[in-house]
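The same chain A turns up in both complexes below, where it pairs with chain B and then with chain C.
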Partner chain A sequence: MTFALQIIVTGLVTGSIYMLIALGVTLLFGIMRVVNFVHGELCMLSAFAVYYVSVLWGMPFLVGVAAAILFSAIVAVLCQKLLFKPLNYDILTCFILGVGASFAIRSATWAVVGPEPVAIPPTFPGVFVWNGVYVAKQRVFAAVLCSVLAIALAVFLRYTRPGRAMRAVEQDREAALLMGINPESVYVTVFVISAMLAAVGGAMLGTLFGADPEMGADPLLKSFIIVQIGGMGSILGTVIAGLAIGLSDSVTGTVFGGELAFIFDFAILMIFLIVRPRGLFGYDV
Partner chain B sequence: MTSDRWGIAALLVALALVPLGVHDSYLLHVMILIFLNIMLATSMWLLGITHLISFGQAGFMFIGAMTSALLTKDLGVSFWIALPIAGVLPAAIAAPVGRLSLRVRGVYFFLVTLAFGEVVRGIFAYFQTPFGGWYGIRDIPPPSPRWLFTPLDKVPFYYLGLVLVVLTCWVIWRISRSWFGEVLWSIRESELLASSVGINVTGYKLVAFIISAFVAGLAGSFYANYVGYISPLIFDFQYSVSILIFIVVGGFSTLAGPVVGAVVLTIVPELFRATGKYQMLIFGMILVVSMLTMPDGITGAIRRLRRRRAA
Partner chain C sequence: MPDMIGAEAPSADVRVRPMRRRGFLAAAGAVSAAPFIIRSARAADNTIVLGSSLPLSGPAAPTGITTQRTINHALEVINEKGIMIGGTKYTMVVQHYDNKYVPAEAVTVVEKMLSDGVRYLFSSGSGNSVPVVEKTTELKCVQLSAASGKDHLTNPKYPFSFRVQPCNETAYAVYPWIKTTYPEVKRIANIGPSDEAGFTETADRRMLAKKYGFTSGANEFFKRGALDFYPVATRLAEDKPDLIDFGGTIGRDQGLAVKALRELGYKGKILLGYSDAQSFVQIATPEAAEGTILFDTLAEPQNDSEKQLHDWWIAKYGPPMPSFAYLMWDWPFMLAQAIQDAGSIDTTKVADSLRKVQYHGLFGLERFGMKSVYGLDCSLTRDIPMSVIKNGKPAPLDVVNWPVGV
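Then we have the complex of A and B:
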């Protein structure tokens, strides 16, 4: 029983991080119909930003995270202005272009920081023990932070003016334009928010598992699976699917070893494609 | 049209004569790599006609390579029997995978095939016993007869590759010009219109997907028995992306596009080989720059230049 609880808690923690990263993907897709392949590299760059600022330069952890968010947002807006906007946000060409950009970024990072993975020591060392279940404090911190941010995002989209503007653009770009909303500036906001989510998720992954130039590929692929299962563009679907994928990873990882966990994710995806191709809460594809 | 034919005939004769003049085994090796990449690029191009890109192409190639490696090494089967099996098996796997992946359109299809390729890699990397795990399989025997295909002499492999690539290009060219290809082009123009005149759009895409998996499997088999070593580190997602870059840089609109792209982009990285870790950076930048400046690739840019000169 304790063992099962331990697996569930571990799964929910990693699931919440994946959920946060996938929220960025689903936000971009839902509002702009763009799949940003650079998203995983934003996570990777953020983890390294935290490493450089907090570990190498000795600044406090939160300063590192703030630097990571800033850096990630700058890179994302640069990608938007230089790559996606010239292509008029055409989904297929943007996807292919994003693949190229992501390789360039990954390879450039590799050249700068070297192939060795680096560790980011936990800000909150120590372990919580509760009914025989052990959770590192850093993990609890990550899970709480990710959940708070997810809720904040939902509140932001629902109740604030810029959030409402985003949903207006999502529903009908032309109508929003007629109501005096500038879609281009909404797009910048969307890219910045999505980059911030990637930055926090990447920073958390970095503190839990270390940072290396290849680390962006895995959360990106997982995000795609999560978003497809949850339904493209659906916040609630992404949250549920993210936690579910985290749980499934934890269970299969314990039973079969970490390398096979991904194959089970894919199996779940395939089942969804057979039974419900548009995902849990998605609209028709 | 006839001048094109003469040009192709002259090119083929020239290619057949290359080993008589070139004895440098490194140059021949690069030529063989070009042949392999052309096979893969044309296979992806056939499906690409319908605006679909299979990011699982490296996965199918890996399945073909693994089939060929296990058959020739562990079971002692001749390469000439293993080669067609290495094509049929990925095609057989492509049928159900394609049937499911084609339930989603456009970008979602990319993502699902991408995940498929990673799963193939994951499975081969996980199981040590038949597949060799992350270490892969080494000492895969070359094709028979042994006196002809020796590891030191690249010339027989050169001709084998040439035959395979010419056959592939010819078959894919014939397919793209047949009624089947016409249907694919009509799907490219307008999926809605095609389906409204009674064309089973998904069915045609599925067949194109299966054919491209077949060709990728053949290429994998040739790769395995030529290089003699395969591992999950080779057939990764980057490999699929490289194939895509061949087509994007070469141009999508004719078969010449993937061929030109594969030739140019096999030679360019070889020139940059000394830069090592920057190779992928250069590759990514070539993709980005060529998409922004030449939306229809090298062949499209040439065609536009010709037209401008004619006008």
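Then we have the complex of A and C:
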């Protein structure tokens, strides 16, 4: 029983972080049909921003996260203006260009920060022990924060004016234009929000696993799996799929061994692609 | 929770075609520039080219970059005096290629080097070294690997293949030492990456654990570069071993796995090596890393030669000096001595000479041995420095002599 509970807690905590990062991917795809390969690098850059501001420069952790959000947003808007907009957000070209930009950012980071991975001390050190189930306090903090942000995003999209504008542009760009909504402004907002989600996710990953230039690849791959399973562009689907993938990783990793977790993720993805290609709550693309 | 998406995708007519011309021009530019950026391995007369395949990017890059810097400096020192062959002074130049710790990349860069005429090759990582050993043997290229891979690399079939760092073999020296130093250790579990290095390291270590009277516990593998080690650590902690041997686990993976194990309540001993100790402590956190036993790790310089290398590193790259650099220092000097002793750059003669070299390096007497295990003397043998994490820092623990007869 304790063993099973440990597996579930581990899976839900990790899944909530992947969920937050995947929400940024699905937001961009849902509204703009852009598959942003730079998203993982935004996580990585954000983790380094937190490291530089709060570890090297000794400022509070929250200031580090704020700096990471700002930095991530700037990089995302630069990508939007310089890479994706000139290509008219064409899905295939943006995909290929995103891959190239991702490698370029990763290599540049290697050149700047050097070879050694760096650690970001946890905001909440220590471990909770409950009935033989162990979980680091920082993991609990990360899971709660990511869950709160996911709910906040859903509320923002449903009940605020900019959120409704985003949904309007997503549903019919021309009609939104006729209603006085500037799609370009909406696109910038979408990139900024997506970058903010990546920044918080990256900061949490950094406090749990340290930061290094390669750290963005794994969450990005997981995000694509989650978004595909949840349904491209679906917030609810992403939340469910994120937690499910976290659980799946934990169950397969613990029961069958760590090397099988990724295989199982891809097996689930393949089943979805064959049986239900639009995912849980998405539509046919 | 409300769903963002409405029922329909945006209309397709707002999308325009990609800018094919721009993409074509970029691709054409890249292709045109390629011949100018590909370096030739052919060198001037009296120059011996050492090809080097190592990870300069990817999860193992810290190890690769440390190795690159160490080799470069070793060759600077060697070239000051030169390698004298028949009264002629030879120098060595190194050409480093990034294998990203991906075997397919390693095969590609090594094949390029071999086709460029490289006949002395350094290769890092067993997953990268094993796939090329047939080819280097066929071309009589001396392959010096910093890798585990046991008889996949060290084998009478591959007389040109040498391993320049004791890897899985350290267990021949370290396990008997554990037996006497920590008699309370009875059950040993293993963790390693799910690749050539992990499998060969673990196979040897479990075989030797049994040989020296330990009970084998859980045997876990993980995808190299994974982030979350909680699942695999849960399995290991549940097994309740007295000691967990990290075998072929290197770099950041070590720190994350140790951190996860301690967070999940594992109280036993941990044995690992191959990495920079200070970086390990940083990633694992000092609390989790405390008490970790480090095999083949020099915590701080113990003699003048080690201090000299340490001071050079600090002056050039600043602190801290990665302890892995000490392990990569001696073999270029052994190669240089073997070439000089052979009196020729003919690789058959040099390979024979390498098997006879007795070199006094950072760790005392070093030589290629282990004929009793592999059938020929091609695996580096020397004393093994042991360290321990104490008060958040690596501290010297002991020096384990290489076992007699191995």
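Quick notes on this structure:
In this text, the second predicted complex is superposed on the first by the 283 of 285 C-alpha atoms of A that agree within 3 Å, B and C clash if a C-alpha of one lies under 4 Å from a C-alpha of the other, contacts with A are read in each partner's own complex, and residues count from 1 in each chain.
Operating definition for what follows: a residue touches a chain if its C-beta (ideal position, glycine included) is under 8 Å from a C-beta of that chain, and two chains touch if they have at least 3 such contacts.
Everything quoted here is computed from the prediction, not taken from an experiment.
Superposition of the two structures on chain A shows chain C clashing with chain B. Look at A:V35: by the touch rule set out above, it reaches chain B but stays clear of chain C. In the superposition on chain A, A:E214 contacts chain C only, with no contact to chain B.
When the two complexes are overlaid on their common chain A, residue A:L62 makes contact with neither chain B nor chain C. For chain A, the partner touching the most residues, choosing from chain B and chain C, is C. In the superposition on chain A, A:T14 makes contact with chain C only, while chain B stays out of contact range. When the two complexes are overlaid on their common chain A, residue A:F266 makes contact with chain B while staying clear of chain C. When the two structures are aligned on the shared chain, A:P121 is found in touch with chain C, with no touch to chain B. Of the two partner chains, chain B is the only one that A:A101 touches; chain C does not reach it. When both complexes are overlaid on chain A, the residue A:L236 reaches chain C alone and has no touch with chain B. Legend: residue contacts after superposition of the two complexes on their common chain; A:A4 is shown touching neither chain B nor chain C. Stretch 134-142 is the one of chain B that runs into chain C, the other listed stretches 134-142, 170-178, 188-196 or 206-214 having no clashing C-alpha atoms.
For the contact definition in use here, the residues of chain A common to its chain B contact set and its chain C contact set are 86-87, 91-93, 96, 106-107, 110, 217, 257, 259, 262, 285.
Across the complex, chain A is touched by residues 51, 53, 100-101, 103-108, 110-112, 114-116, 118-119, 122-123, 125-126, 237-238, 241, 244-245, 248, 277-281, 283-288, 291-292, 295 of chain B.
Residue ranges on chain A touching chain C, taken from their complex, read 3, 6-7, 10, 14, 27, 30-31, 33, 86-93, 96, 106-107, 110, 114-119, 121-122, 125, 127, 129, 134-136, 150-151, 154-155, 157-158, 166-167, 170-174, 205, 208-210, 212-215, 217-219, 231, 233-237, 239, 249-250, 252-254, 257-259, 261-262, 281-283, 285. Against chain B, the residues of chain A that register as touching in their complex are 35, 83, 86-87, 91-93, 95-97, 99-108, 110-111, 217, 221, 224-225, 228, 232, 257, 259-260, 262-263, 265-266, 269-270, 273-274, 277, 285.
Taken together, the chain C residues at the contact with chain A in this complex read 1-11, 14-19, 23, 57-59, 61-62, 64-66, 194, 220-223, 225-232, 234-235, 238, 251-252, 255-256, 263-265, 276, 279, 282-283, 285, 287, 322.
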